[in-house]
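As written, the chain order gives the labels A, B, C and D, with residue 1 at the start of each chain.
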Amino acid sequence: MAGNTFGKVFRVTTWGESHGSALGVVIDGCPPGLELDVIDIQKELDRRKPGKGGGESPRKEPDQVEILSGVFEGLTTGTPISLTVYNKDAQSKAYDHLQNIFRPGHGDLTYLKKYGIRDHRGGGRASARETVARVAAGAVARKILAEYDISVIAYTVALGDVATSKRNMKDINLNRLHCPDIAAAARMEELIDSVRKKGDSLGGIVEVKAKGCPVGLGEPVFDKLDAALAHALMSIGAVKGVEIGAGFRAAGLLGSENNDAITPKGYRTNNAGGVLAGISNGDAIIARVAVKPIPSISLEQDTLNLDNEPVTIKIGGRHDISAIPRIVPVCEAMVCLTLADYLLRQKAVEN
Amino acid sequence: MAGNTFGKVFRVTTWGESHGSALGVVIDGCPPGLELDVIDIQKELDRRKPGKGGGESPRKEPDQVEILSGVFEGLTTGTPISLTVYNKDAQSKAYDHLQNIFRPGHGDLTYLKKYGIRDHRGGGRASARETVARVAAGAVARKILAEYDISVIAYTVALGDVATSKRNMKDINLNRLHCPDIAAAARMEELIDSVRKKGDSLGGIVEVKAKGCPVGLGEPVFDKLDAALAHALMSIGAVKGVEIGAGFRAAGLLGSENNDAITPKGYRTNNAGGVLAGISNGDAIIARVAVKPIPSISLEQDTLNLDNEPVTIKIGGRHDISAIPRIVPVCEAMVCLTLADYLLRQKAVEN
Amino acid sequence: MAGNTFGKVFRVTTWGESHGSALGVVIDGCPPGLELDVIDIQKELDRRKPGKGGGESPRKEPDQVEILSGVFEGLTTGTPISLTVYNKDAQSKAYDHLQNIFRPGHGDLTYLKKYGIRDHRGGGRASARETVARVAAGAVARKILAEYDISVIAYTVALGDVATSKRNMKDINLNRLHCPDIAAAARMEELIDSVRKKGDSLGGIVEVKAKGCPVGLGEPVFDKLDAALAHALMSIGAVKGVEIGAGFRAAGLLGSENNDAITPKGYRTNNAGGVLAGISNGDAIIARVAVKPIPSISLEQDTLNLDNEPVTIKIGGRHDISAIPRIVPVCEAMVCLTLADYLLRQKAVEN
Amino acid sequence: MAGNTFGKVFRVTTWGESHGSALGVVIDGCPPGLELDVIDIQKELDRRKPGKGGGESPRKEPDQVEILSGVFEGLTTGTPISLTVYNKDAQSKAYDHLQNIFRPGHGDLTYLKKYGIRDHRGGGRASARETVARVAAGAVARKILAEYDISVIAYTVALGDVATSKRNMKDINLNRLHCPDIAAAARMEELIDSVRKKGDSLGGIVEVKAKGCPVGLGEPVFDKLDAALAHALMSIGAVKGVEIGAGFRAAGLLGSENNDAITPKGYRTNNAGGVLAGISNGDAIIARVAVKPIPSISLEQDTLNLDNEPVTIKIGGRHDISAIPRIVPVCEAMVCLTLADYLLRQKAVEN
C-alpha cells in the first residue's frame, strides 16, 4: 500500500524504474516564495552521477532534470513541484539473461513474490537508480534548510575494514570517497583495487552531520526526530543499520559516561547526537549508517532460476564496487528531506 | 504536529503522562472477528511491570487494563478498540524538587523549549511509562500475528560490556534478564550489583526475532519493512541504534561473504535479517537495538536550572539501573505493531 | 481501514459504542499553552444532551467528561488530550428484540455485511451517540478558534416542510430548535406534535456560519476548504447533502448573478459562501446540510430478519422525532474541527 | 500543507499549472497485474478535451498522455504510475492584461493572499485545466472498477433553469451535453445560445451513478463512503454542493417516506443513494453536484486591481459558457478514484 511518499508536510512522492522512460518526484508542501533554479537541483544530481565514484565502467547518464511545475519566475508558488529526469542510457538488453534468475542479495525474488510480476530490467524500481529522485527532492529541501542556516554533510567513515581515525572536514572534498581522513582514503583506494581484481565488492559506513538545527524538532512519541531519521536512512536500499550519536557504543557506556552534562555554554559532550527524548537539542545532529557491500559481484554464486532449479550466476556488466561514495549525497538528501519536513511540522506547534 | 499515531492500516494512537490520571491507546483498523480478552493484554503488561526487572525499589503499579470499546461478546467488531490503564502509584511530590532543574540525558530541556510548557511530574509524556500503551497495543497486534503463525520474541544480547555468546532460546525465560545465555546472565547480574553500588546505570543491546513472516511484507521505496522497523524501534525512548541482520557488521564484509546464497531449501545464510530490497523474504526477521544507559543516576552531574544557572544534581528516587530487561517486551510490541500493520497493508496489493 | 481519525494537524480519533462502557476521543496536535478547563467541554456536551431537543422520553445521560491527559495546571501541553465520557444509562436489554432484525434506514445490515459481526445494542458504533466524542473534541477546537476571534454557530433553517424566512441570529437561543425565526419555530413545534402522534419522524436543514476566518485557509486541489467541510459535515450520520454559499441555487444562476463583485470594502455579495477556489476569502463561511428524518419510527415497516425472511417492524423505545436540534452542536463541532485543522495547516505555508 | 494527494490506499498526487510545461499525476498503490494501455487513459482525456463541450473557441490541446513508469509489458507492476500531459497551446500572453487584476469568482485574490505569489497565467494551478490529471488517474481507477463489474456514469440533469424530466440512459451519448433527456438537451442548447449572446455564463447539476458496487465500502465514522464522495466531488473547482440519494429533498420527507424498506429482492426504494450509515448497501450509488456558472464572463464586473483600486473588467478570450458538459468526465473520475480507494481499503477489513 502506497509506500512511495516520504514526509507529512514537506511531502515527496517518487516514481520511476531503472530502465523505464524516466524517473521523477513530486514535491507537495514546499513553502511559496523560495528561490529555486534548476541549477540548484542539477548540481546535487551531478554529485551522485555514475562515474563520480568507485565504479569502473558505469552507465553514462546525463541525469538532466527538468522542473515541470510549481515554480514561477524563479520562485516556488506553494503548488506541487514536479521534477523529471529522463533515462538516456538504459541498456535493457544487458539484463535479458537475468530475467529468469534471481540475483542473491537483490530484491529480484522478493519483488516477484510480493507483486507477482517484476520489471527485471536493471532491477526496475529496486535499482539504486531510484535515488535520483531522492537527491533531486533533497536539493529542494536543502534550499529550505539554507533559510534556517542549517547545513547537512555526509562523509565516509569506513570502507570495508578500513576506518577513518580523523574528522578533517576540509578533506572531504579533496578525495572522491568523501573521506575526512586523507590517509585512510588512500588505503581505501588500495582496498578497492584489490577487491575489484577479485571480482568482489565492499560495504562501509557513512556519517551524516546536520549543523545549525534549532531546538525543538521532533514529534514524540512515535515521530521522534531520531525515529524519523532512522526511517529515512534505512529506506535507502543498501543500508542495514542506523545509529544516532554514540549509537551502539552507548550500549556499553555507564550513565555517567553517556549523559551529556548541561552547561551555560551548551552540552559538554554530544553522545546524544543532537536528539534528546526525540527532540533536537540544538547540537549537531549525528547519524551513521551501515552500508552493505554491493550484491552484484562477478564471483560465482549459488541461486535459483524461475523454475526453482539451482543454478550459479556471475554478474558482469556495469556495476560499482561499493555503494560508497555514490550513496553519500543520497544520505544527505534523506536527512535534508527529514529536517525540512520537521521544520514545517514544528510550525504547527509554535505560536 | 501529531506524532502519537503509529501505523497506517493497523493504527494505534497513544496518550497519557507518567503522573496524569491514566494512560491508554486507541487502536483503529483492527480486523473484526478476532478473539480478544482483557487477559491477552494484561499478561503482556505484567511482563513490563515495575519490579519485574533489574530495578530495586520501583514504583508499584498494578497496571490494570480495561477494554472500553471495540469488543463485543469476546470478538473485535472492526471499530476502534480503546484501552485504558489508570495510574495508581504516581508520587508526583517526589518530583517537586526537579521542576526547576533539567536532568541531563532526559527530555526536560527539549520538551520545555519545544512546547514552552512541560509536565515535569515523572517526565510527563517523555517518561518510559508511556510504553504501557505500546505494550497494550502490541498485545492486540500479537493476536493478529498468531493467526498467521508469526511469533515475535526479544531478548538481551548485551548488558553494559557483558555480551552473550550463545542463543539458547529456551534459556530466555529462565532468567529475569531474558538472556539466551545463562552464564552471561549471571555475569550481568554481578555487573548490575556493582553498578548499583556506584549509583550509576547501564545500557545494553536487545535483539528481536520474528519467525513465520510470509514473503512480501514491505512497501518500497520509503516504507520498506526494515525502514518501518527502524522507525518503530528508534521511537522507543532509550534506543540510539537499530540494525537489521548483519547490520553494522555487514559494512566490513565482502559481497561474497554478505550475500545470502539462494538454494532450493531457502537462503543459506541470513545476513539480510529476513528483509531484501525492503521486503520480507520468508526468513526470520532479525533486528537489534542499542539501549542507552538510564540517564537518572545518583552520581553528581552538572546541569542548569530554570534560571540558566549552573547547578549539580543527584537523582535519587525509584529508578531502574537499566532499561533492560523492561524494554524487552516494548521492543517486541513495536515489532508486533509493525508486522500487523504490514500484513494488513499487503492485502491491498494481493488479489 | 481506520476511518476514525479526522484532521491532519489537529487530529481527533474517536472511539466508543452506544451501549459500551464509554465513549471518547484522543486529540493529537493541539497547540501547547492553550487554557483548557473541563467546563469548556462540558458546556458543549450539555447542549447535545438527550432531553434538550425534540424527543419525548430520551435516554438520560449525564455525559460527564473527564480530561485524562494533555493538560497540566490548566494549560494544554502539546501532548495528546484524552477525553472520556462513561455510559451510565445504557439500557441494552431494550435492544434485545432488535438483534435479529434489520431496521430500515439504519446501518444494521451494512455493518453486519461489512464487518461480519455487529454490536446491535443501540446501534453500536453507528449510533448518533458517537457524536458525543465529536462535540467534546469540537469544544477544544473552538478554544483555538477563539484565539483567532473566529465564531461558529449553527441553526435550524428548515424542519420538514417548514422553512425559516428570517435570519434573526438573536432568536436562535430563544427557542429549543435553535431557529433564527421565532414564528417558524412555533410552526415547527406544531409539526413535531402532529408527526409524533402519527409515530413518524422529521428531517430538516441546518445552516452553519463561521465568522472571522482569515483569508487563506484551504489546501488545493484536493483539500480545498469547502471539500474538507463537505467531508466533515457529510460524515455526520443523518446528513445527506452539503452545500456552500449559494449551493444548489447557484446552479440556476447566471455568472453575472452568481459572481461576487470585489469592492474596496470587500465582496459585495457572498454567493461563494466565503470560499473561492477552495480557499477562505475572509467573508463568513456558510454551509448548509440536509438532515434526513430519523429512521426509527413506530409505524410498521417492511424489512428482513437474520434468516433473510420478510418481517415487519415497529420501533418503539426512546427515540427523538428528529435529529434536529440535537445535531446543531454536532454540525458546529465538525466545522470547528475543520477550521482548527486548517488554521494549523496554513502555518506550514506561511513564513 | 500538502493538499494535492487524494486517496489513502489508491493514492493519486497531481501537479501542474494551466500554462506551465506540463500537468500530470503519480498513482501510488495501484494493484499489480492490471492491464493498462495508454489508450485506456487517452480515451477518457479525449472526453474532457476543449472543444468537446459547449464552448465556442476553446484552447486547442491534443492532451496526449504518456505513461512514464509503473507499467511493464502492458501490465501494472505495483510501483508508482506516472502520467504526464505536456501543454502545447498555452497562450500565456493572452493573460498578461490580467496579472494586475483580480477576476471575480476566481481564485486570483485568495491564491495571492494565501501564498503571497501566484502564477496568473490562465489561473495557474486554480485553472480547470488541473482536472486533466484527475481524469487521467480516474481512467486507471476505472480499470480496477471494471474488474469488479462496477460502472460509473455521469450526466447532466440541469443546465441553468432547464431541468431534465427523464433518465433515458441511452440518450446520454446522443447529445454533447450528456443529458438523459433529448428534449431537455435541445432546450439547453437554446439557452446556451441565448446566454452566449449576452456574454454571460451558466451553471447546472450533474448526477453520477455507480452501479455494481459491493456491499461494505466505507469506513465509519469519519471516512464514510458518502463523506468521501462529498470530499471528492466538492474538490472540483466549480462545485458548490453535493447530495447523496434523496439529498436535500430528504429533509422534507417523513421517516416513513424516506426509509427504504428492505425486501428479499433488495431495497424497495433508493432514497439512501446506495449508502447506509456510511457504508455502501449494494444499490446504485447516486450523487448529484451543483455546478456554479463559469465566472469568466464578457459582461462588465466590478473588482480591484493589485493596488486595491476599484476597476471594471470584461473577460474575453477562450472560455466555455458552462463547466457543463466538460465537468461530466471529471465527476466520473472523482467517483472512480473514491471507489477504487475504498475497494482497496476494504481488503484490510476482510479475511
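Assume contacts are C-beta pairs under 8 Å (C-beta built on N, C-alpha and C of every residue); 3 or more make two chains touch, one makes a residue touch a chain.
Predicted, not measured: the structure shown is a model, and the values here were computed from it.
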{"item": "Angle of rotation relating subunit B to subunit D [CA atoms, steps of 5 degrees]", "value": "180"}
{"item": "Greatest separation from subunit C - chain, by CA centre", "value": "A"}
{"item": "Computed distance of Cα centres, subunit D from subunit B, in Å", "value": "46"}
{"item": "Between subunit D and subunit A, distance of the C-alpha-averaged centres to the nearest whole Å", "value": "39"}
{"item": "Inter-chain centre distance, subunit A versus subunit B - centres from mean C-alpha coordinates, in Å", "value": "26"}
{"item": "Residues within subunit B bordering two or more other chains", "value": "1-5, 8-9, 14, 29, 32-33, 78-79, 114-116, 125, 220, 344-345, 348-349, 351"}
{"item": "Subunit A residues touching subunit C - in the complex, by the definition given at the top", "value": "8-9, 29, 31-33, 78-79, 220, 344-345, 347-351"}
{"item": "Residue numbers on subunit B that touch subunit A, as the complex places them", "value": "1-6, 8-9, 14, 102, 104-107, 109-111, 113-116, 125-126, 130, 158, 160-161, 195, 200-205, 215-216, 218-224, 226-235, 237, 240-264, 268, 271-273, 276-281, 290-297, 299, 301-304, 308-310, 345-346, 348-349, 351"}
{"item": "Subunit A residues within the subunit D interface of the complex", "value": "1-5, 8-11, 13-17, 20-24, 26, 28-29, 32-33, 66-70, 72, 75, 77-82, 84, 114-119, 124-125, 344"}
